[in-house]
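Note sheet for the following structure.
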Amino acid sequence: MENESTLRRLKTVEGHLRGVIRMVEEDAYCIDIIRQIQAVEAALNKVSAKILEDHLNSCVITAIQGDDQKERERVLKEITEVFEMSTKV
Amino acid sequence: MENESTLRRLKTVEGHLRGVIRMVEEDAYCIDIIRQIQAVEAALNKVSAKILEDHLNSCVITAIQGDDQKERERVLKEITEVFEMSTKV
Amino acid sequence: MENESTLRRLKTVEGHLRGVIRMVEEDAYCIDIIRQIQAVEAALNKVSAKILEDHLNSCVITAIQGDDQKERERVLKEITEVFEMSTKV
Amino acid sequence: MENESTLRRLKTVEGHLRGVIRMVEEDAYCIDIIRQIQAVEAALNKVSAKILEDHLNSCVITAIQGDDQKERERVLKEITEVFEMSTKV
């Protein structure tokens, strides 16, 4: 099940983020904390890409092969939106 | 024609970039130059999103509604790839 | 104490991330999950910027006003590094 | 002179961008165009990082070692601002 893999990755990221919180509590060096936050973000980017891949191979195919043009447009519009947003975060 | 709009936007970005080059030649303040480079990048992100939108509404629909499964997979894989890359630039 | 504010923000992000995990567990719509992950990343970016700001106003000032040139160079190099990395995540 | 290197890099990026424009004119494949735009952005990120590095090693050191506290605050604030912006483009 694809969810399992996404879930496992997100829980790993959660553990990583808790590690960052601990670093702040223990007064770690600022730059080291920033680097760990950037590592958390890189991991989240990978999870997003994986979710998008699964989405393209399921919902998007179904919508495009379906008869509902509105639905097709909606599904494609969303992809452009998350792509555009991804360049901003 | 959709190309026209993309072309016009890219030429505007080119003009913007030439302005940045002029700033460097005239020894403008570093931070102002960086800000202008960031503005150029934001404009490029918008062009990319527009190109992706057109691509989804043409090639991707054709591929997904077509009979060639390999082609379908290729087209969807590319979208995940540019999405993943977009989080890195 | 500056740490308190950073800590509070990071714990809020942790709560947000747990919400995302719950969404995956409950089989939420892929695009909604991606959007929430992007929101988590935007929040992390703000925390990083805040930590950098505090760092500049403490360690960096101390290093630059100090006599140790090696230390000064190290501290400035780190800032360029996290800046460069920030464009990649 | 540090400007020379920045100038040369920016002119290379300008050439790259003109190549992208040519691709659009010649109706190149959408995804290939997006990839080239992403390569242009990656190159711009490197130029920004180089400019920031030079700025830190000149203006920022001068400001922090100087007596004008307002100026010092202004210079440090700008760095946080371009860092924060860099996560958004």
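We just call them A, B, C and D in the order they show up, numbering each chain from 1.
Simple rule for what comes next: contacts are C-beta pairs under 8 Å (C-beta built on N, C-alpha and C of every residue); 3 or more make two chains touch, one makes a residue touch a chain.
Model, not experiment: these values are computed from the prediction.
Colleague: Name the chain whose C-alpha centroid is most distant from the C-alpha centroid of chain B.
Modeller: C
Colleague: When I count C-beta pairs in contact, which pair ends up with more: B-C or C-D?
Modeller: Of the two interfaces, B-C and C-D, more C-beta pairs touch across C-D.
Colleague: Mind checking the centre-to-centre distance between chain C and chain D? Centres are C-alpha means, answer in whole Å.
Modeller: That gives a centre separation of 21 Å.
Colleague: Can you give the whole-Å distance between the Cα centres of chain A and chain C?
Modeller: Centres of chain A and chain C (C-alpha means) sit 17 Å apart.
Colleague: Could you please state the distance in Å, as a whole number, between where the Cα atoms of chain B are centred and where those of chain C are centred?
Modeller: 27
Colleague: So which stretches of chain D touch two or more other chains?
Modeller: 45, 48, 52, 79, 82, 86-89
Colleague: Within the complex, which stretch of chain B touches chain D?
Modeller: Going by the criterion above, the answer is residues 3, 6-7, 10-11, 13-14, 17-18, 20-21, 24-25, 27, 30-31, 33-35, 37-38, 40-42, 44-45, 47-48, 51-52, 54-55, 59, 78-79, 82, 85-86, 88-89.
Colleague: What residues of chain B sit close enough to touch chain C in their complex?
Modeller: Its residues touching chain C are 87-89.
Colleague: Considering the complex alone, what residue numbers of chain A touch chain B?
Modeller: 45-46, 48-49, 52-53, 56-57, 60-61, 64-65, 72, 76-77, 79-80, 82-84, 86-89
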